[in-house]
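What follows is a pair of complexes built around subunit A, which joins subunit B in one and subunit C in the other.
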Partner chain A sequence: MNGILKLVINQLRRGITKQETLVTLPCRAAGGAVAPPADCSVTVEEAVSLWTQHFLQHGVSEPLSSSHYIIAHVLGKKTLESVERRRLRETLTDKERECVWKLCSKRLTRMPVQYVIEEWDFRDLTLKMRPPVFIPRPETEELVSLVLEHLQSEQVMKARGKAAVHCLEIGCGSGAISLSLLHSVPQLKGIALDQSQEAVCLTKENASRLGLQDRLEVRKLDIMKDAALIVRDYGPVDVLVSNPPYLFTEDMASLEAEILKFEDHSALDGGLDGMSVISQILALAPQLLTNEGRLYLEVDPRHPPLLQWLVEEQTEGLHYLGTSCDLTTRPRFCVLQRSG
Partner chain B sequence: MAVAKLGPVCQLLCWTVLKQIKYSRPFRKSASSFISGGFANHNCTITNPIFCQFLRHQRNFHSTTPVMVTKILTVDEIFSMKSLHDYLKRVETEYANCLEAVNAADIHTDDEELRTKRTRMSFLGPLIQKIKDLEIKRREFEETEELLKENDPDLRELVQREHENCHAAIQEMKQIILSLLIPEEQSDMSDLVLEVTAGVGGQEAMLFTAEIFDMYQNFAAFHGWNFDILEFMPSDIGGVRHATASISGPLSYKKMKFEAGVHRVQRVPKTEKQGRTHTSTMTVAILPQPSEISFTINSKDLRIETKRASGAGGQHVNTTDSAVRIVHLPTGMVSECQQERSQIKNKEKAMKVLRAKIYNAKLEEETSKRYQTRKLQIGTKGRSEKIRTYNFSQDRVTDHRIGKTLHDVHCFLSGEALLDQMSVSLQQFSEQEDLIDILENK
Partner chain C sequence: MPALQFVHQLVFYTRRLTRVALTRGHSPLWLSPVVGWPLIQRAGKKYRIDLPVLHENDLEEQFVRGFGPGGQATNKTSNCVVLKHIPTGVVVKCHQTRSVELNRKRAREIMREKLDVIYKGEDSELLKIKEESRIRKQEKRRKVNENLQKKRLFKETLSASKQGEDNR
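Take a look at the complex of A and B:
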């Protein structure tokens, strides 16, 4: 990693002189956008180093990978490494150059790369991303692994035979969790709820792009306000899964500009103790789950002990199965089961 | 099964021989009759059949060091060996003994010894059948030989054709018999991880590493294998410091395993201003990819590192850095992946490389003794040995292990027919070594 960084910095140093002769950068237009160089040729490599440097100067986080991902995207690839090496030394076409300048200018406003290129990968799927719908985090990929492990276990398969298994997701955002589960388990049927109209639309769009729309019902419902309706229409299910807003309100102010300016706060802010939506899910879970149905939650590392206490002391009909850690060994996932 | 697998190899062998014939003047005329008659002229092409004897190669104008060369033998040469005949005799006797024992025993007895004999019989069956077939064909061949002495021109032509057909059939049978004798290596069926690393020579070595990596990518496409890049560390002028890829597809390991070792390039680098020729190196490692079942790693032995380790993670952070680095604590082996936009995919890929590395280290330990005496090394020993030179000014590629030189470096680097030709020669050579081991050790 350091090696690459050093190299690029060297490249940048060389690039500075090039930049002055080639492109007049920065020439800022209104709203932080940078006017594209009108009549000069820029190779892919030069564009990458120019924009990396420009991001660096303007305090944009992850300057190198931002320019890599955006430029690779313009060239029709996911990563710069998968672009042919020969191509890197070739000039960008006028159209490509305009596109790079347009997208990189968006990034200058601190818009997350995922929104800039309007897509990102989640496990095996490439999903459409659109502000302000929450961008799935890598930890959630592991949450899906946990649920899949359970759904694909012999026990569940045998119990259901050929009948469909049902799954309900609270707060689906872009649809990452539900769609990944449906993608991997053919006999699964899903219901995805979100209180945001944008999220509902995006999940529907992603579902039909992936051809999973027939097995997924997406509804605009708020677990806080529409609890009775949800219990009436959608229970009981075999698996209840959620990545609810779990940030403590006091932490919201310290978030990076990318998150604070562009992502839906209601998908992040979990109230004073980050538990407001979590408690609501816990309260409804016994009514939403089949007997021995399971609840999978992603939470803040401070939550699991609190959650366990809450379930054991205050919640009837729910049994705390255990806590799982994420890749960085933080307690991140809680698994619960409905009991008698 | 072995026959089916060796099918394409035999075809290629035939093709290689054909090429040799085309280019050696005395046989140019007979090339067409060779095609119709299969291997009819095969043994004519070999001028000096010396077997199992090391020749000190003459110092050619282009070779930098004298190399020890063993010839690739023809089927006929192998069949003229006494040890082969002795071996086949022993096999036949063994089969006959087994048969006798099995027939003599009561149908219902099922002791350990009898079961072993039955297994052995079914293993030897196809070979014994081919030996018998060969004997019958040989007799037929001799009969036609007698008939050839007749003077009737019409009959002569007919017999001549029959004679050639017989010869072709005999050659084919001999080839099959040999392929049945060569044992299968367990890892031959596995997929593999290709690892390329730039060696001495700075930027030039990295450029060469990139070209070699591309060559294998094309080679994979040429064979219809799947080529999935796992790690890729570029240098700043379009070279590669280090890269790994997973390759899967029929016979991929078998065809790639002899690529492991130090590859050397001699040319005037693009970066060289004064037109001097440089010598640079890069290293190729070929690691068989273990299946999930055959090899497991305890997750407690792993330390996984990501960019998200600092700070709060989860919803607090949005990053595009999905790189994953895994350390195997007991061995200290490390693998890293940042090829994918999904972190869990990067973790899977890094795990794949790590598993291959650990498995290969284990495998090497087990097999190093077995292969100590071989010229064609695979594994650590092979990796430190210079195996091949790509000389641009002389436009040739020389494999030092078998002393084979092919011309047209650019075509070779395109990873198609020429590389395949080299790979086939290496395989033949290795199979021959296997065969001789079997014949002389028993």
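Take a look at the complex of A and C:
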């Protein structure tokens, strides 16, 4: 095994990569673990190349970025770009090599990179990640931007003065949305709810790590089952925000392995039309919001017209302000307002 | 050939930065893509205040977009931002961070620096700073040499006077 790896590395050094040779890399133990080369040194660059090839061979998505992020993380950096050029050509220490092999082997099982390195960035925050708690998506960073634009607008700042602003998040997951808002708006006080105990624990952990635990209350509550209690204890608030499960049940089966195997399905499945949790939030919003308070939702691109219709035809006390698109120009965010 | 499969599945999408205005009786609310960031970093260098202003309408952002609905349905870690300034054709590529919003913000900062060099040439802030740094280094070197000279002269004077004493 070590002999074969030596051969591969020597060939890489000579600038030759042979697919056939790579196929005979160390065999996998149960669970996808690959034993590290015991007496064979690799440079950072070589490790990146080796594992990119290995991921490719085994159909792992984003083989290059996976390799980059994991190895950078072992070297104490967030991206490979942040690693000094010189360091890239130096060999990994024994400890580093072992760590790289251990983590990359996990990635071979299709575990998402964020779970492998147990952290990820959301806007300017670094959050702890742990399966099966839902991993924040890049689109949701824009949802936070939308809410911040409103909270930091002259109009709102003037009206509030130094008084506290209250926000309530339904389905907080790792706490990304609430914690980002708290971090950027000093006078904001938040409540974050999730029906998953793991999500509640992770949000609390992230809040502590960021020193925001005093301004965030986190509770294990289900918007579908505990509606009356939530309205009684936490309404009304100035801002209601949610990235609720919004996938259509029929689309669940075709999700990539990273999501299907590792993330909490109840954080994704929104029922037949993806609207089950969204409809509940819309129904409760008039009771949860102050007058002129706003509701911000991330949804599936097919939902905005449905929401607009629901609100105009069936919901008293709520009106539809508008739809905003995400980075890929898909309609993604719905903004609504409580009206007297 | 597995190597190129994942590349073929990606579609690059270019987008002009005009957002959907909020409607329904309210005045159109133009949502700028990157909000919540202070325009001028207080802790940053002073020169950023003098960099050219960037108009979002002059910019085109390119993102890697897969098939399917995106959002919760995908978990992609690639978040490279490619920003193009239409009037000048300057292109900035940024994947310095793990956050797409941070990369967009950073891409704009880099764009402002690049445009500054283009617009002002020799007078650009970046070149001014480089020039200031060069002059400072030059001045430092001159002072060091001056001090060395003084020391040498002092030693020579010292040894000359000692010789004189010995000779008496």
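Methods note: the second predicted complex is superposed on the first by the 316 of 340 C-alpha atoms of A that agree within 3 Å, B and C clash if a C-alpha of one lies under 4 Å from a C-alpha of the other, contacts with A are read in each partner's own complex, and residues count from 1 in each chain.
The rule is simple: a contact is a pair of C-beta atoms (placed from the backbone, for glycine too) under 8 Å apart; a residue touches a chain by one contact, two chains touch by 3 or more.
Every value quoted in this text rests on a predicted model; they were computed, and no experiment measured them.
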Superposition on subunit A - do subunit B and subunit C clash or fit: clash
First, second, both or neither for A:E149, with subunit B first and subunit C second: second
Which superposed partner A:D326 touches (first subunit B, second subunit C, both, neither): both
Touched partner set for A:G59, first subunit B, second subunit C, both or neither: second
Touching partner for A:L88 - first (subunit B), second (subunit C), both, neither: first
Which of subunit B and subunit C A:D251 touches, first, second, both or neither: both
Contacts of A:K162 with subunit B and subunit C, given as first, second, both or neither: neither
Subunit B and subunit C contact sites that coincide on subunit A, given as residue numbers: 61-62, 65-66, 69, 78-79, 81-82, 112-114, 120-124, 134-135, 137-139, 141-142, 145, 243, 245-247, 251, 255-256, 258-259, 263, 268, 298, 300-301, 326-328, 330, 332
For the subunit A and subunit B complex, residues of the former touching the latter: 1, 3-4, 7-8, 10-11, 61-62, 65-66, 69, 78-79, 81-82, 85-86, 88-89, 112-114, 120-124, 134-135, 137-139, 141-142, 145, 243, 245-247, 251, 255-256, 258-259, 263, 268, 298, 300-301, 326-328, 330, 332
List of subunit B residues in touch with subunit A within their complex: 210, 229, 232-236, 238, 241, 304, 306, 308-309, 312-324, 339-345, 347
Footprint of subunit A on subunit C - complex, ascending: 2-3, 6, 13, 15, 19-24, 26, 29, 31-36, 61, 63, 65, 69-79, 95-102
Complex contacts: residues of subunit A adjacent to subunit C: 56-57, 59, 61-63, 65-66, 69, 78-79, 81-82, 112-114, 120-124, 134-135, 137-139, 141-142, 144-146, 148-149, 152, 184, 243, 245-247, 251, 255-256, 258-259, 263, 267-268, 298, 300-302, 319-332, 335
